[in-house]
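Please go over the structures that come below.
Note that chain A is present in both complexes that follow, paired respectively with chain B and with chain C.
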Partner chain A sequence: MGRHAAPAPVRLRTAAVLLPVGSAVVALVAAVALIGGPATIAYLNATAEQPAQTISAGGLTMTVTKAEEWVSTGAAAGSTVVKSTAGLVPGIRGQKITFTIANAADSAVPGTLSGTVSAAKTAAWSSLEGQGLIQTSAAAGAGCQIGPLSDAGSGLSFPVSSTEPLAPGDSCTVAVTLSIPATGSSGQDAATAVKETRLSALADFQLAATLTQAPRSEAG
Partner chain B sequence: MRGSTRALIGAALALGLGGALLAGGAGTLASWTDTATSEPQAISSGSLDLGTIGTGDLQASLFQRVAGAPDTLAVPYTGQALVPGDVLRIVVDVPVRITGQNMRARLDVAPSLTAASSATPADARLADALDVAVVSVGGAAAATSILSPTSVAGGTVPVTLEVTFPWGTTSQYNDAVGGRVDLDASYTLTQVPAGEAG
Partner chain C sequence: MRARSPRHGAGRRVSRRAGGRIRSPFVAVAALAAVLGMGIPAAVTSAYLTAQGTATASSSVGDWCTVPSPSGHKNVYRLSDFTSVNAPDAGGGSTAVRMLILPVVNDGSYAPVQPVPGGTAGQVGARLWSCTEPMSASDAIKLTSWRGAYGGTQSFNWTVAPGGTVSFPQARLAATGALTNAATTATTSPGAELRDLHRGVNHLGGQSGTNADPVTMRYSWLLTSGRTKGADYRADPVCAAKTCQVTPGAGVTGFGNVFSGDDDAPAANAVSGNSATYLAEKYYADGGVWPQTTTQVQQLQCRSRTRLLTIIPFGDWGDWEDAQGSSCPANTLLTEYESRTITKNVTADAAPTAVPTVLQPAGAASVDSLLRDTTGTKIQWVVLEWWGSDAPPADLEVEVFVV
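== the complex of A and B ==
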């Protein structure tokens, strides 16, 4: 009977043998990992941070203002009495429309201007134009330049641009002047000819412009 | 008496005889002798250290980079707002101290741009638009450099960073106008084996 109870010590011996073998395998794997990974070896090390530097983005802002004023067209003083204070008067009073284009002072960079001044012709305008009774001229102030006036039949337009990039805070102007001569192209009296269009709107000039960022100048 | 017992007794006798010969004969041997003590040799450990980087260690300049043309003249950066095309160059004099004959250390630079936690859409847009890069470390055009005690004899290592606001397309970055972000950089100095190439 006693000899048949022996199997238990055999299992214990098996476990006792496997335990160190397992440990050896684990140690071997760890050793291989250490040998193969020199980057994991700890060297001397130091770190530092630099002070934060705040950076902000600047913009580009354009402003356009439109001013209208009545101007004398050169009639002889005292030759005609004009009671009204506004409106075109043949041979006496015209209208000047001035657009002032500015690169805002808080813009971060210079800007290059490009745009168009235009107006659609009204029926009254076309009527006067057909009789040679409307005169239009355009001019640019310092910093701006204009192209030729284009008459497309249904409207008038001319291009506008800056002669050089507008620095922040800088501006330039373009102006359109309208007038009715005292006499028409065939010598007719304009005052009589324009009676039918009296107090009629002739045109509404507008400026559509874009200010585009220009590279910073060499002078910074 | 069994054979094994006799062997044990024999071994014990031999051991005793040998010991007596050694102990009793030592005093009878004569030989020349002398002693000396060397001067103490002080041994100190090598070290590496990054000092504190202060605002005085940063020099920033601003210029604009236009493709096909020379960079515009750089002007000192005093917080001017950046616009597309601008390049903000920051030279940081990183205080570095390295000692040890065989001490070599790699200086790694990790710049980053972060918008504030309460970032506005413009802040986030600006952070997304800007590019930041390490232009040079220690005068070499690389993002990292191996330093030695002689290469940092001056006590500082110049690191050049550039923040670039790309030109983009017309109006591409209009929604970044007014945005604000912070430029940070972390510097890590790590010892490397003396023979490691830069």
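== the complex of A and C ==
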């Protein structure tokens, strides 16, 4: 009876070994397959266009918005009449573009901002610039900071960053202000001198921003 | 059966024991791999979460209507800035008018704000600017230009005198003075004389006999009745004879007849967008001299001398004189005639025509020498006037220029 019964446990032990090993291999393959892009598992990226851009990456969500505002820059003593509802008018109307970068309130972690505001010059821009009749300035609101304005000839750019990591729910702004003065540096009447540029496109200002999870030591 | 039951039972136990020994390590490895593979949060793996985004805002140039700024162009004058003066009326009495009298020279200070369509180099002109529509239909405007007659010792009465830092466009000849309605004299104030010439109440003694009209000889047409922004904006002053009169007409009533406040208006006639241009034309040549032409003709001439008995000369030949007819008189018993034909220049008045009022470059001429020019080629006195009950728009301007 003892010899007759001995082979049965051996068959049972082989099956018992193969089954869990197979399960583990399947689980490992499944896990790897589910992750995808094994080389980039540490960073998740996403981009989107305005308006109302909300980018989520794991527990970090950033919102970038823009606001365009036509602002009065003075009066030309009745010598210039504004006819359009938009656009720069020498001595009378300028433009302020404000970019707001926010770390969403539901983000899990603080984020450090880095980015660039850039614009390619159009022919109208170059014409105004050639006559010394375009004024550009940039400023940062609380929480943001900007670097020096760089003029590469064909375009403008300046860097943007946060002064400290933006906590979830925090935001900061950077603004670009454009205007055409009423009178040029050589005394020329701008409204007359740049008449040919009326209704021309000047530039598209683009902010490209990245919010990076702040290291724990920075996030405090 | 009972004996097999333990075997079966023993077999299940063995199997469980074997599974407990062999399956557990593999399951643990698989679980660990799954945990690692699923991705531990970045904080554990030293990686960081990032989010990226862009936003774009466009900038553009707007649209506007513009007129030249008087602060940047001294030869541009707002109607609302004209000086109020009392001027005599033709029928007696006086009336308050808004007037400027400007000394216009070709020294660059009256350069056009923008290129002038048409016109001769050095030609005097006026351009009206506005962005306002519609404009007063009851107000009137009148612009004239005059050759000076102040080469003597007349003194100029200035509101703002030219010279030094004051350019000619900034100078203002005072349009005040006696309201005499009289012909000018050597002691007439130039400002009063020009004011009254412009308003047609001073005829400078008037035309008499075959003498040319003194007003016509000094007058250049800029903008009075007969000129509008329409087809006749550059019409010439025309006379049929040397003694005819071309004097300032009435002002043009209705600013809309001479101004264009429509920046989108197509260029046509006097109008170029929101401006209208009027070029000075005069009837007499420089200095008020009537133009003449010279032609060559064959002239028969005769001379004579005395003789005796038809054959003995007695005395010398007389002077050659133009023959009255087609031949010289026939010889007589006591007089002998001789004839000849010569080429002779004959000057005659040219056909009546108008010419552009042109100023020669001032060069290095002194202010006083320019002011005392009487040829009309160094200085023109331009008189600007508007009147009416409606206050003109602030952007209604007159640009006085030299092409």
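Keep in mind that, in the parts below, the second predicted complex is superposed on the first by the 150 of 220 C-alpha atoms of A that agree within 3 Å, B and C clash if a C-alpha of one lies under 4 Å from a C-alpha of the other, contacts with A are read in each partner's own complex, and residues count from 1 in each chain.
By definition in this document, contacts are C-beta pairs under 8 Å (C-beta built on N, C-alpha and C of every residue); 3 or more make two chains touch, one makes a residue touch a chain.
Everything numeric here is computed off the predicted structure, so don't read it as measured data.
Asks: A:Pro90 contacts which: chain B (first), chain C (second), both, neither?
Replies: In the superposed model, A:Pro90 contacts chain C only, not chain B.
Asks: Using the superposition on chain A described above, determine whether A:Phe205 touches chain B (first), chain C (second), both, or neither.
Replies: In the superposition, A:Phe205 touches chain C alone.
Asks: So, A:Thr63: does it touch chain B (first), chain C (second), both, or neither?
Replies: second
Asks: If you tally the residues of chain A touched by each partner, is the higher count for chain B or for chain C?
Replies: C
Asks: Show me the chain A residues, by the header's touch rule, that chain B contacts in one structure and chain C contacts in the other.
Replies: 43-50, 53, 55-60, 109, 212-213, 215-216
Asks: Chain A touches which residues of chain B in the complex?
Replies: On the chain B side, the touching residues are 46-55, 57-58, 60, 63-64, 66, 69, 72-75, 79-86, 88, 90, 92, 94-95, 103, 105, 113, 122, 126, 129-130, 163, 165, 170, 173-174, 176-192.
Asks: Which part of chain A faces chain C closely enough to touch in the complex?
Replies: Where chain A meets chain C, its residues are 1, 5, 8-9, 12-13, 16-17, 19-21, 23-25, 27-28, 30-32, 34-35, 41-50, 53, 55-68, 76-84, 86-90, 92-93, 95, 97, 99, 101, 109, 111, 119, 124, 128, 178, 180, 182-183, 187-189, 191-192, 194-195, 197-213, 215-216.
Asks: Can you name the residues of chain C that touch chain A in the complex?
Replies: 3, 7, 10-11, 14-15, 18-19, 22-23, 26-27, 29-31, 33-34, 36-39, 41-43, 45-69, 71-73, 113-114, 131, 263, 393-395
Asks: Under the touch definition given earlier, write down the residues of chain A that touch chain B in their complex.
Replies: Spelled out, the residues of chain A in touch with chain B are 43-60, 108-109, 212-213, 215-220.
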